[in-house]
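Dumping the structure here so I can ask a few things about it.
In order of appearance the chains are A, B, C and D, and numbering begins at 1 in each one.
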Amino acid sequence: MAITKDKLVEILTIMLRIRTFEESVQKEFAAGTIPGIVHLYLGEEAIAAGACANLTKDDFIVSTHRGHGHLIAKGGKTDLMMAEVLGRKTGYCHGKGGSMHVADPDIGMLGANGIVGAGLPIATGAAASAQIRGTDQVAICFFGEGASNTSRFHESINMAAAWKLPVIYLIENNLWAVSTRSADVMGESQLSKRAIGYGIPGVDVDGNDAVAMYEAVAEAVARARKGDGPTLMVCTTYRWRGHMEGDPQFYKPKEEAEEWLKQDPLPRFRKYLTDTGTMTAEEIDAIQQGMVEEMEKALKFAKDSPFPSPEETLEDIFA
Amino acid sequence: MREITFLEAQQEAINEEMGRDDTVFVLGENVQAMSTTGLWKDLSTKYGDMRVRDTAISEQAILGAAIGAAATGMRPIASLMFVDFLGICSDELINQLQMRYMFGGKIKMPLTIVAGCGAGRSIAAQHSKSLYGWLMTIQGLKIAVPSNAYDAKGLLKAAIREDNPVLYLTHKLSGGQSSQVPDEDYIIPLGQADVKREGSDVTIVSIAYGVTMALAAAEKLQANGISAEVIDLRSLAPLDKETIINSVQKTGRLVVTTEEPVTGSAAAEIAAIVAEEAFDYLDAPIKRVCAPDTPIPFSPGMEQFWIPDEDDLIKAVTEIM
Amino acid sequence: MAITKDKLVEILTIMLRIRTFEESVQKEFAAGTIPGIVHLYLGEEAIAAGACANLTKDDFIVSTHRGHGHLIAKGGKTDLMMAEVLGRKTGYCHGKGGSMHVADPDIGMLGANGIVGAGLPIATGAAASAQIRGTDQVAICFFGEGASNTSRFHESINMAAAWKLPVIYLIENNLWAVSTRSADVMGESQLSKRAIGYGIPGVDVDGNDAVAMYEAVAEAVARARKGDGPTLMVCTTYRWRGHMEGDPQFYKPKEEAEEWLKQDPLPRFRKYLTDTGTMTAEEIDAIQQGMVEEMEKALKFAKDSPFPSPEETLEDIFA
Amino acid sequence: MREITFLEAQQEAINEEMGRDDTVFVLGENVQAMSTTGLWKDLSTKYGDMRVRDTAISEQAILGAAIGAAATGMRPIASLMFVDFLGICSDELINQLQMRYMFGGKIKMPLTIVAGCGAGRSIAAQHSKSLYGWLMTIQGLKIAVPSNAYDAKGLLKAAIREDNPVLYLTHKLSGGQSSQVPDEDYIIPLGQADVKREGSDVTIVSIAYGVTMALAAAEKLQANGISAEVIDLRSLAPLDKETIINSVQKTGRLVVTTEEPVTGSAAAEIAAIVAEEAFDYLDAPIKRVCAPDTPIPFSPGMEQFWIPDEDDLIKAVTEIM
């Protein structure tokens, strides 16, 4: 498959945007300006970026508690996100949701979700909606390997397989679910094997390889758009940070963490881009610099924004 | 106007709404062939398999997919068979239906959940619940429970057209009831109670098959010189407080009957509202006529003991006169 | 594997007991003496009988809405069952449960269950209990192919596989779930393939062959007792009757039903027994006759028993 | 006696009960390494992996397996992390926990479910619920919610020793609270409320972190010459009606505060009981001080608006004096 230069630049831009956004959130959280809890996507950027580069604005994605990267990859605006994470009225959810519920239905991003596994049937339903309406929309459902052990994994994939729905179940296998090594609580840790039980393709992908991600998802998306049904993709990566900011991570072997830091998807992709002559180091640095500025603006926007008034609590329940 | 049964009224409602709006579709177990309730009769022949979708036994996927479809332009009707099965997809009920709120008002959720409820058929603890009180605690969910064919049709059409999630329950003993139903299109707005019988001495608030029971009790009370007003809530959410309070203002006495264990019942909520907002109108304690705090037993004699009935209601009313 | 004659006679006896019990229930239901609803096990007798012949009284089984056969196979008494199905005080559950909740914890039968799929985690927990207490008990979890699509299938089997629990997940694939042909609502109808996704053995068995059932379950039970973990077994059979008594079954192709009636597990087993010289036709008939008499007594016992008093509603909630 | 924190008291309770009884074991997510609540500290080192069992993210299997184990001779403690996650395994709650009843009294179900509850940490709609009213409708389930370290230990030990299912909730804001706790073994029986402050003008019924809030409000009310009695329910089920009614008999006024949307709240049940059984003692309407009928919003200002607080309570009391 030939990826266009534009696509590659788009993927890189998204990865850098996610990386820079998450680094800002990390700092802000440490500084105490963010209420509640945040789960960062650092180190996993290639997955969302590579996957969503196959989608249009009309397609759907469904996200998780670790959702900043997904929203950015689907085209989300970092200022509105930052405002939401900081609990401001100008945020995506007007301060009602926060980090765990960032969403932008207008661009098909059907929400981060604080309940592990809850996104799977929602994505399934969005795909059924596309099928019934006869559009060529597809849905990508992002979730962790931990979520793959929840009840909804089974019910959703079976439904989608039976109905041949245009949906991609994309596991972000970052090895950990909070402080549990997921392989320890599963009968079979090669998750792609589960696809056999539903009669659908199961694909293993290097989740830290942006190009591999793009290509594997391209195939699954094409399959979905053709009406051939769902694909289960297992993208291996690593959760760089604690489960949430503030997690001391006593449970993680140091060497493991260090080993995975070396697999940083960004330098890897950068090398690919420069080696193939697609972009120069300067071009990449310029995008990176642009992101730093974007985050400064996003932060300023968020911090200059008012908090919602307490009475707004009572709004937005019923349409 | 013609007389049709409760079930026929519901079949008409779904059929008409599916004809009226292409985005309405049905998903659930056994909806294509036949179902325990007969609600889906003939629909798959008429509207095809795309819009009448048989699922596996996967209640989380059914309700969760309905949510995903409702958030993306469809108007699903999710068949959950019995309200007892809602425990399986309760995360959808308490944590996912609220998408609109969590997203700051960004989405519509035009979704109807239909299920049967109620005891009286000796099908024991897991197929006879009503769960009214449990369900009323769910944020952002409207709940309709008709007591006759006319209301059944009007409320179901309102539910399907509603841009918010609605749970529409049918009591197992109501299905055969008949009433006059207009030929032309009509809806009954959610959240409007109906005074099914006027009276001056005591207010009886009831719902679903309990209305039929309350009306029978009211007749007997009349014979004893007690004039009971019978309110049919029709919707548990939104709850029509005004109709209840106005009635209590008139009668000074309140008995609430709902078919469920008394603790945490819908009757508790109604009693609490009146004890707070209409206390000064009350001339007597508020009585709840509910079931005891136990699961529903199988054997008919015990089941009948469990179900709040006419005698229980008459006794409660008499105690506060 | 050599099955002893005693075992074979035991299996036959159980099959005949189930068949005769269910035929009595069928008649009684038609006569209107049974409150509520009943789901009959007719045609599926070889499964419960063959499977449970591998268990001792201390082992556990968990059943479904279609549970009469399971309780009989685990050693249940037909008089106490009949009394329960008829709602009498002398029944297994003192009239609290009825057909859908028959249970005898004293012989390890942890209940029929009106919620499809609900038995799976319960069996898993019974197996965990055995493992923690260090006994050699095993649990067999019976459920339909319809139940295999419920959320708990996934969560339970994954848990048992991760913990290597002594449990057998035994699917009674009778092709139908109420009026839905299960194959139509599944992505992959060969259910044994799902075992691959959990890293456990998946075994297909002819559920109408009592000997095959006994032998396949023997292997799974041995594995479980050794500490090697769970097995998924898929036993193909057919639901002779409607989903419940009174179901007009418009949806079932007549030829299919007729074809399966020819596969009746009882004549098949009878032929095996007589062909191998294990039993004579007369011996078999004598057992059969004994069952007819047993059911007459059971019915008489049930009908002579009082109903529970209404106030008993208030008992048995808390220990 | 020594002063220890709420969390330490709970750690002691579990540790001691696991030492006392080999059949006690723990299962849940992340119980071996660390957990969000710290409840399981050091247990796996001490009692081994057989009795401290990490599970996958599988709440139905966790609670369902706990039920299966409890029915077969074990005494499981199921960690469900947040009460918000109980929706996932609600079928176990409403349809399976009742095994004993459905089997006609044939089984014991010594099972403790532990979970956190409560708002105040800005973790939004899906991690801040309390669900008291919803949970109270469950048949056969006892529910304990301590407000201080002493009660926390005694109730948790009682829960673990109980032969019936108990849900033991800890409010997120309670964990740091300290109190005097005896060195020797003790339990606090389930179903006994505690008068945490005596008073004569009004009865305030509260629970969990609401008790801390109510006690602070009572101090302020005292300064205004209003003597408030503060009852800590400690258990929502069984509910100690007697203590509540005795207090209302004395004060003639009742305010109930529980941190949850008002509709279908535990406060509704308590109000309904008093409006039925102690109506004649009441001199004023029964007030409920709960949250509005919405999910819990994220942004701290809105969240604080949502949470019933001292000011709300003082206002409610003042309105009925």
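We take it that a contact is a pair of C-beta atoms (placed from the backbone, for glycine too) under 8 Å apart; a residue touches a chain by one contact, two chains touch by 3 or more.
Given the structure is predicted, the values throughout are model-derived calculations rather than measurements.
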(request) Considering only mean CA positions as chain centres, point out the chain farthest from chain B. (result) A
(message) Taking the mean of the CA coordinates per chain, how far is chain B from chain D in Å?
(response) 30
(message) Taking the mean of the C-alpha atoms as each chain's centre, how many Å separate chain A from chain D?
(response) 36
(request) Take the average of all CA coordinates in chain A, do the same for chain C, and state the distance between these two points in whole angstrom. (result) 45
(message) Report the inter-centroid distance (CA atoms only) between chain A and chain B in whole Å.
(response) 40
(message) Multi-chain contacts only, two chains or more: what residues does chain D have there?
(response) 55-56, 58-60, 84-85, 88, 91-92, 95, 98, 101-102, 124-126, 139-140, 293-295, 297
(request) For chain C, jot down the residues that touch at least 2 other chains. (result) 93, 95-97, 101, 113-115, 149-152, 154-155, 158-159, 162, 184-186, 317
(request) Quick one: label the inter-chain contact graph as line, ring, star, complete or other. (result) complete
(request) In the complex, go through chain A and note every residue touching chain D. (result) 35-37, 87-88, 93, 95-98, 100-101, 113-117, 146-147, 149-151, 177-180, 182, 184-186, 250-251, 307-314, 317
(request) Can you check the complex and tell me which residues of chain D touch chain B? (result) 84-88, 90-95, 98, 101-102, 124-126, 129, 131, 133-134, 136-137, 139-140, 237, 239, 260-261, 263-269, 271-272, 274-277, 279-280, 282, 284-288, 293-295, 297
(message) Under the stated contact criterion, what part of chain B meets chain C in this complex?
(response) 29-30, 32-36, 54-60, 84-85, 88, 121-127, 292-295, 297-302, 304-306
(message) Show me the residue ranges of chain D that touch chain C in the complex, using the header's touch definition.
(response) 23, 25, 27, 50-51, 53, 55-56, 58-61, 63-74, 76, 91-92, 95-96, 98-110, 139-140, 163-164
(request) Going by the contact rule at the top, pick out the chain C residues touching chain A in the complex. (result) 149-155, 157-162, 184-188, 191, 193-200, 229
